[in-house]
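Beneath this line is the structure, given in structure tokens, with notes to follow.
Here the chain labels run A, B, C, D and E in written order, and each chain numbers its own residues starting at 1.
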Amino acid sequence: MKMTLSAQHLWLIPALPLLAAALGALTPRSGRTPAAGAAIGAMVLSFLLSCGALATALAHPAAHATANFTWFAVGDGAVRLGWLLDPLTAFMCVMVSFVSTLIFIFSLGYMKDDANFKQFFCFLSLFAAAMLGILVANSLLLLFVSWELVGLASYLLIGFWFHKPEAAAAAKKAFIVTRIGDLGFLLGILWLYDSTGSLLFYDNGAGVLEPTALGGLAAQTTLCGLALSTAIGLLIFCGAAGKSGQFPLHVWLPDAMEGPTPVSALIHAATMVAAGVFLIARVYPLMAADQLLAGVPVHALTVVAFIGAITALLGALIAVAQNDIKRVLAFSTVSQLGYMMLALGVGSWVAAVFHLLTHAFFKALLFLGAGSVIHAAHHEQDIRKLGGLSQPLRVTFATFAIGMMALAGVPFLFSGFWSKEAILHAAHEWEVSHLPLFAGLAAVVLTAFYMTRLVAETFFGKARSHAAEHVHENSAVMTVPLVLLAVCAIALGFLGTPAFPWLQARLLGETEVHGHSLLDGSGLMLGSIVLVALGLGAGWAVYWRTPRAKDTSPDPLASAAPATIAFLGARMKFDELYAATLGRLNTFLAAFADFLDHWVWGGAVNFLALLGEFSGTVNREADEGGLNAGFDATSEKLRQTGQAYSHAQTGGTHGYLRTVAIGFVVLVLLVMLGGGR
Amino acid sequence: MSAIAATEPFLERAPQLLRDAATGFLPEPWRWLVNSLIAIGVILAVFGTLFAFLTLAERKILGRVQNRPGPNRTPLPFIKIKFFGLAQPFADGVKSLTKEDIVPRDADQVLHFLAPVVLLAFSIITFAVIPFGRHLVPVELDAGVLYFFAAGAATELAVFMAGWASHNKYSLLAAMRALAQLISYELPLLLAWVPVVLVAGSLSTTEIVTAQAGWKFGFLPHWYVFTPWGFAGFVIFIVAALAESNRSPFDLPEAESELIAGHLTEYSGFKYALFFMAEYFGMIALSGMAITLFLGGWRAPLPFLEWIPSYAWFGAKLIVLLLGFIWIRATFPRLRMDQLTRFAWKFLVPLALINLGNAAFWSLTSHWTGALQLIRWAVSLVLIVGPFVLMGRKLSAGVAPRVYRYAPS
Amino acid sequence: MSPLQVCLLFSSALFCIGLVGALSRSNAILVLLGIELMLNAANLNFIAFWRYSPAPAVGTGVLFVIFSIAVAAAEAAVGLALVIAIYRHQKNIRLQEANRLKG
Amino acid sequence: MLGSGLLQGLGVTAKNFVGSFHDPARLTTTEYPEVKTKLPEAYRNFPFLVSENATDPMGTLRCVACQICEKECPPQCIFIEKSKDKKPDATGKLQLFPAVFDIDVSVCMSCQICVEVCPFDAIKMDQDFEIATTDRFTGLMLDKHALAKPNSYFHEIHPTDAAEVDGRLAAERKAAEEKAKAAAAAKAALAAAPKPAPAALAATAKPPAAPSAEAPKTPPAA
Amino acid sequence: MNAALAFIAVLTLASAAVAMALRNLIHSALLLIASWFGLAAFYLWAGAEFVAFAQVLVYVGAISMVVLFAVLLTRRSRQDLAVEPASLGRALSALLVGATVAVVLARAIFATPLAVAPTATPTISVRQLGAQLMGPHAAALLVVGVILTVALLGAVVLAATDRADSKENAP
């Protein structure tokens, strides 16, 4: 029986890993196996549920099945959340849960001898839960909540080895930089809520992404002529840029490599960084709403496209000059994300999602392969010290090679080629400008080059360090995920080839698939194949042919262009730039605030205290002197009269009774004679 | 008098017919006067003889219980044959009349004479409201029950007078103890009949009796004694009645072993007999009221026994109750003063109060039918048995069960 | 002289007897009894007015008397308790000597 | 439970009450004047004089006025005057008889010494206690006539003693007769002629003597 | 009807007056109780049955006991009961005040127009009284209940014997 999962039960997918995380948190430190078991079990279960969701989504791809509910009601306004099920969600859920499951299994082996093994799995399942939360959310608010949880999980995982100072610093850096992006995102959300009154994407007609709201947003223009939807779209893009490590806010991603490799694989290759792209894909109608206004100077998507292009180029350039195996992969992720943003910018979010899915698999494969290498080489990460590992690490080398070829975009067999091809095709059709296309093509060459450099340096030639000499293949628990990922890296490509764009059709909601022949790609495909071959050839020529002798022997490229490589090696000095500009601004503002607090506010409070004391003394003086004397005189007179009356108090009951009787008589007489009637 | 339906059996109407025959011809004001005089006469005659034979029955039953025949000697005045000592009461009467009536020199002559008179007067006027038969209610009062206990309240006054007037510090002391007993048992007595009034909804004795009409399941009469709170109220009423009329376990005041004859020490001759007559009248009145309140007054216990006249039923129940009193007197040892008051204040009063609550619950849930009826019964039962057992255990906490060393167990 | 006036005369006479008794006797208990008499006189008034009132059904007079009887009972109890307390202090209950509260 | 003791008590009295009507063992009171209880045999009250038969009590008194009892009676409450003439006793022998035989019952302490010392079993202890009188002087001075009671009454109140005494007297009488017969025979033999004088023997209606199993005592010295 | 009223009035007034005049405390107490009976008779005559019985039950049953107990408890010997006559001065002043009050009251009775037709003796059934008591006067009933209990406790505390006192003010 095909297990189908309706929108109402969608929340189960993120809930299970969250439960596992909670379980992990509660079990004592020694409870290693239960925590791990719970995490993996939860991931497998949510993967199965995701398949069910995918089945329902594919049944009627056009529909956006939602299940909304009221979280809390304040006065007459109510905050409503909900779950959304459509092909985009389903594909992403399947991808995230599958990759997470494999990475969890991999980290069983990788983290085996780590002290707080239990926490690691707790944080991982927390992260997976948050990521799935983003995917299934039908409301920007719920999405934002999961977004922050993902940020928190990445901070915890990056800073997992908190006893290493640079890991703690990297975690803080990642968290702060993504927070800057999230600030923009939050402003966007607030503005959106203010203007449309609701944060639900699809709320049978009243949702934000539905035509009525979009029309309203697109119609209004705000400051400097921007359409409201564009302004909100740009703000949301800030969040996406921060999280996906785009151009201005990409600095944290390479440093995030301080965390354990499965973390890098999971978060900084497959899922978290993809969250930004998913977000833009999710709110794509909002971003694309202002296309209609011809006169409007800036489109949100054009900005996205250019940022994407710059990041792709920038990432690829820096990756070439990195010597740490994980840093190279980090920058390659930055450039690939640039590619996805570029695809979104040029109008084809389907290509972006397709590249995202394929990239997730082979990048996770590469990272796990790097992890396997590091684990085998006793935590040696510098490729200059490695080398000659192809023989001892046979499986790792094979899977790593597949990953490299997919990333580089070796034609036809590997998924990377097809998804990158789709992006370049979309960039080609973009009528605004062709700059992003050229940047993309340049990045293709560079990607192929630095990947071959990486493979050559690590796997070929002679082992250049003691650690590299006696290396032995890892256990099955680490190699099986690699093989699985390798299979996916290859197979996934065939889902979206131009001849049979099944994935694109399903994502767009069409039920039948009409492909077009490979040839009418106006030679773009041919061009890209040539560029890939160029990149591979250059890489082989420089690094493969004459592998480096010792770890200290100079890098051939560095010797060729020392200045640029050094500059690229230092990540284009962005950190120093930021420190110089933003850092100093921040310190100045802090100093100014301190001054204000001490002198301006402090002074006012002290003055008030002084005033109170002064009035107290004046009051005492007045009271002591004038008032008492008069008061005592009157009370004395009162006492005397009381004394006089007390003589009537004889103590004899008869006397009292007699006075009562006489009083009564007098009273009655008064009433009778005094004209009472 | 309510109109006498002609359909009722002859015996039922007999008393009325007799009386109307006797006073039919008189004009109205006089006819009422004569009627009431007749009523008074009848009551005094009937209950006078009942008193006489009650003393005899008491001595015979006590005898029989102690395995001795009891008085059976006194021959009827002129006929020699002696049977069962039936003439005994007349002999007692003659004896008490002929005995010398000694009055202490320093006694307060007026009070000394007044005490028995007041006591007897008040115990007799209590008979005015007891419905002896279907139409045999001497006086139909709206607050009949209250009248009954108001009259009863004056007995304490008489006891005090007796105690004080005989100028003897022992009898004064005994009077004080008797007063303490009477007062502490007046409360449970009053609290015992309040539930009946609460359920019956009226203070008039005739309405209480009519409220107990009818039978449930054909054989169980609607008498209040057959309801849990009714039975508890009946028991408390009887115990309090015993105490009020200074009988059996509570006969401390004139117990021989205590202060001679208590406040009656200085009395002899007919005044002494008057005291006894007052006590017995009190006992008869209280049991009459117990019958009216709890045993369905003059109602027949079973439907097919209706043909027996109502006053016969009242008489039968009265006899049964009085024999019960005598039976209790034959059985129970005398209670010490502190046990007596502790029993009243710490056991009877709280139990009566709880019983009041119980009756309130009963009347509030009167509309329950079917299964609820059982629940109502069960709750009412528990409401009474629970406190009874708990307080009972607390009351007899100090008293360990007697261990007879030599007597065979 | 209507019967109502007879009743009122009766009650005022009773009241004055109580008053005279309370004023003349020095024995605390008799003073209390005098006051008790005055209270009863008041009750008598209520019943008299109720008896001859246009709307006897509404037993306000009767109710008032019931409450007054209850309160009088409470008052008598407390008063006599006081008398006993006084007796314990000064071994006699002459009111003239019980004036220790004078100013 | 508080009430259980009370109910048990009532039960006991009820059982007693009912029992007293049908269980003879329960109702043991004998209504004295009409029903007299059987006095124990050894009960004794004041002495009485035994007369052989009820028809002529004065004539057949066993007492021969030997005044032993008068002398022995500790409180000296017996007063006897001998008679002038004699009358034959049971065995035909001429004996004196008391003219006056008074016992002051108010003084008698019923010590039974008179019975023990009386050789002729003439005085026995009576069981009649209903001798209250209003006149405490003459009323309590019982004379011969009041004291005499037939032997049959003696048998009623002291059956064993009576039987024993009668047995002994019968034996004596038989012995006396045999001696008399022997004497007569001897005299006959002597005088061969004189016709033996018929011994005037008052036929005494003697009840069949109890089988006197014991050996006949030697006749007391006359 | 007036005859019965007059008879009752005379009896009650006589017993009250004698009660106040007597020297023997017990006799005056008992006479006062007799006057209470007279009052109950008046209530009966007026038709307020319930009040009459309540009066008998409360006054004759309970208050008489309290009074008599108080009389007995506050004397050292039998002579104490023969209370010395009120001093002439006080008696006279008392009579004077009493007389003035009586005159004023009588004047008030005769002056105010009370002419009311003698209606038939109204009867108020206990059920009506009960409804009144439980209905509008329920609060008053509860308050009276509270007053009685407080008075009861107060009386007990006030009249507690010396033994308790000695224990209390022991250091």
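Of note:
We adopt the following convention: a contact is a pair of C-beta atoms (placed from the backbone, for glycine too) under 8 Å apart; a residue touches a chain by one contact, two chains touch by 3 or more.
The model shown is predicted, which means the values in this text are computed figures rather than measured ones.
Shared contact partners of chain D and chain E comprise B. Judged by touch alone, the chains other than chain B, held in their current positions, sort into A, C, E | D. Averaging Cα atoms per chain gives one point for each, and the point farthest from that of chain A is the centre of D. When every chain is reduced to the mean of its C-alpha atoms, the one closest to the centre of the whole protein set is B. Counted by C-beta pairs in contact, the busier of C-E and A-E is C-E. Once the centre of each chain is set as its mean CA position, chain B and chain E turn out to be 30 Å apart. Centre-to-centre, using mean CA coordinates, chain B is 62 Å away from chain D. Put simply, the C-alpha centre of chain A and that of chain B have 95 angstrom between them. Centre-to-centre, using mean CA coordinates, chain A is 92 Å away from chain C.
Within chain B, no positions touching two or more other chains are listed.
The residues of chain C that reach two or more other chains are 19, 23, 26, listed in rising order.
Within chain E, the positions touching two or more other chains are listed as 50, 54, 62, 69, 90, 93-94, 97-98, 101, 105.
Working note: touching chain pairs come out as A-C, A-E, B-D, B-E, C-E. Interface residues of chain E, counted against chain B in their complex, comprise 26-27, 30, 33, 49-50, 52-54, 56-57, 60-62, 64-65, 68-69, 72, 123, 125-127.
Here chain E touches chain C in the complex through residues 1-2, 5-6, 9, 12-13, 16-17, 19-20, 25, 28-29, 32, 35-36, 39, 42-43, 46-48, 50-51, 54-55, 58-59, 62-63, 66-67, 69-71, 73-74, 76, 80, 83, 86-87, 90-91, 93-95, 97-99, 101-102, 105-106, 109-110, 114-116, 118-119, 121-122, 124, 128-129, 132-133, 137, 140, 144, 147-148, 150-152, 154-156, 158-159, 162, 165, going by the rule given at the top. Interface residues of chain C facing chain E in the complex, by the touch rule stated above, are 2-10, 12-21, 23-30, 32-34, 36-37, 40, 43-44, 47-48, 50-52, 56-59, 61-63, 65-67, 69-78, 80-85, 87-88, 91-93. Those residues of chain A that touch chain C in the shared complex are 646-654, 657-658, 661. Of all the residues in chain E, the ones that touch chain A in their complex are 90, 93-94, 97-98, 100-101, 104-105, 107-108, 111.
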